[in-house]
C-alpha cells in the first residue's frame, strides 16, 4: 500500500522545515538539480484595507485525491527523481510561506517547467479556500484568478 | 557606491544557509512568489570511475563582473523584487549543494523563467572551473556541455 | 441527502453540513434550492459529487450515498 | 606580458601566472606560443583580455597593461 503523504501543515511552512527538506535530499546522489517554489502571503492592499493574514481551509478528501492525481501525472510528464507539495491550513501571516513545491531531477532542463505545472494545477484544481483577514479584523474570501 | 555582493562560498552551500536566506525575505511583504534553484553534486559514473566530489575554482575578477552583468540584465528583463546567486568554491562532496539561485517577485508568472535564465547564464558565462575527483583520487576537469 | 459546504459557501449558509430533501434528486434542483434558501448564485459555487467537480448545467442524478459538496472559488497557493 | 592561467590550463602549464615575451604582441601569436610550449590546443582554451572573452581568430593587439587570462571550459553550477 502506498504511504499516505502528509501535504497539509497547520500554520506557516517555516524556513527550517524547508531547510530540513533540502537536507534530506543530500543522500539521493543521483539528483543534480532541485527547483523550489514558495508562495508567500503578500501584504496586499484592497481598496483601503491591508491584508494581515490568510486563514486557509480545505475539503481534505477531495484535496488529497486531486494532489495524488497531480503527483502521478507530473511524474508521467517529467523525468523527476522526486517531488513534494506542502500547503498550509489555518492562519498564515503576511510574509509567511503557505505553499512549498519541491522538485528534484538528475538534470536541470525540466525542473522549472515541472514546478510551474504543479503550482498551476494546485491553484486551479485543489479545493483549498482562503479568507483574507484585514488589519481591521474584517475579511474577504480570496479567489485565484 | 554599490555594496559588493558576496557570491562565492567556501565549500558546500548548507541547507541552513538556504533556510536563513528564505527567512530573511519574510519582512519583504510585497513578495508573493519565490523560486529557488539548487545545483547538487551528482554521483556520476564516468566509465568505471565514480565522482566523489568537485573542487571548484574561479577567475574572481571576471566572475564578479559577469555576475554583475547577469544580475543587471535579469532585473531589466523580469519584474523581480530581488535575486541572489551563490556558488561554492573549493571542495563540494557528492550530495552537497554548489549553486543556489534565489528569485523573488510580487507574482509568480516570471519567477520560473527568470531562474532558468540566470542558471543558464551562470553556467555559460561565469569563469568557474571544476575538477571532478573520483573515488580512487584521480580526477578530470568538468565541462558544461 | 447530506450536502457539505466549504469556504465562502459555509460562511453564507452558516453551517458546514446540511440534510436536504429534494423532490427531484439532481444537480439542477440542488442549485435551485441553494439559490432560493441562501441566495447563492450559480457563479459563486462549484459542485463536487464524490470528490469530482460536475457540470452545473447537468441533470445529473444524485443518490443518497453520494458525497455532495458545494465549494466556493479555490484559493490555494 | 603577464598571462594568468585557470582551470585545466593551469594544470597543464603547472603554473597560474607567467611572464611571456612575444615578438608580435597579439592573440594569434599568444596561441601559437601556448601550443608550442604546452601543446594546448585551440579548442581547449578561451582567452580573456581585461575580463572579456575575445575571439581566438582575432589579431587583437595585446598591451603590457592588459590582463590576459587563458581559461579552460567553464564548469559552474
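Note that the chains are named A, B, C and D in the order they appear, and that numbering of residues resets to 1 at the start of each chain.
Please note the rule applied: contacts are C-beta pairs under 8 Å (C-beta built on N, C-alpha and C of every residue); 3 or more make two chains touch, one makes a residue touch a chain.
This structure is a prediction, so every number in the text was calculated from the model and none was measured.
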Chain separated most widely from subunit B, comparing mean CA positions: C
For subunit C paired with subunit D, centre-to-centre distance based on mean C-alpha positions, whole Å: 73
Between subunit D and subunit A, distance of the C-alpha-averaged centres to the nearest whole Å: 49
Intercentroid distance (Cα basis), subunit C paired with subunit A, Å: 27
Inter-chain centre distance, subunit A versus subunit B - centres from mean C-alpha coordinates, in Å: 23
Touching two or more other chains - residues of subunit B: 39, 119
For subunit D, residues contacting two or more additional chains: none
Which pairs of chains touch, using the document's own definition: A-B, A-C, B-D
Subunit D - residues contacting subunit B, complex: 4, 6-8, 11, 48, 51-52, 67, 69, 71-77
Subunit B-facing residues of subunit A, complex: 15-16, 18-20, 22-23, 25-43, 94-97, 106, 108, 111-113, 115-116, 119
Touching residues (chain side subunit A, partner subunit C) in the complex: 39, 54, 56-59, 61-62, 65-66, 87, 98-99, 119, 122-130, 141-144
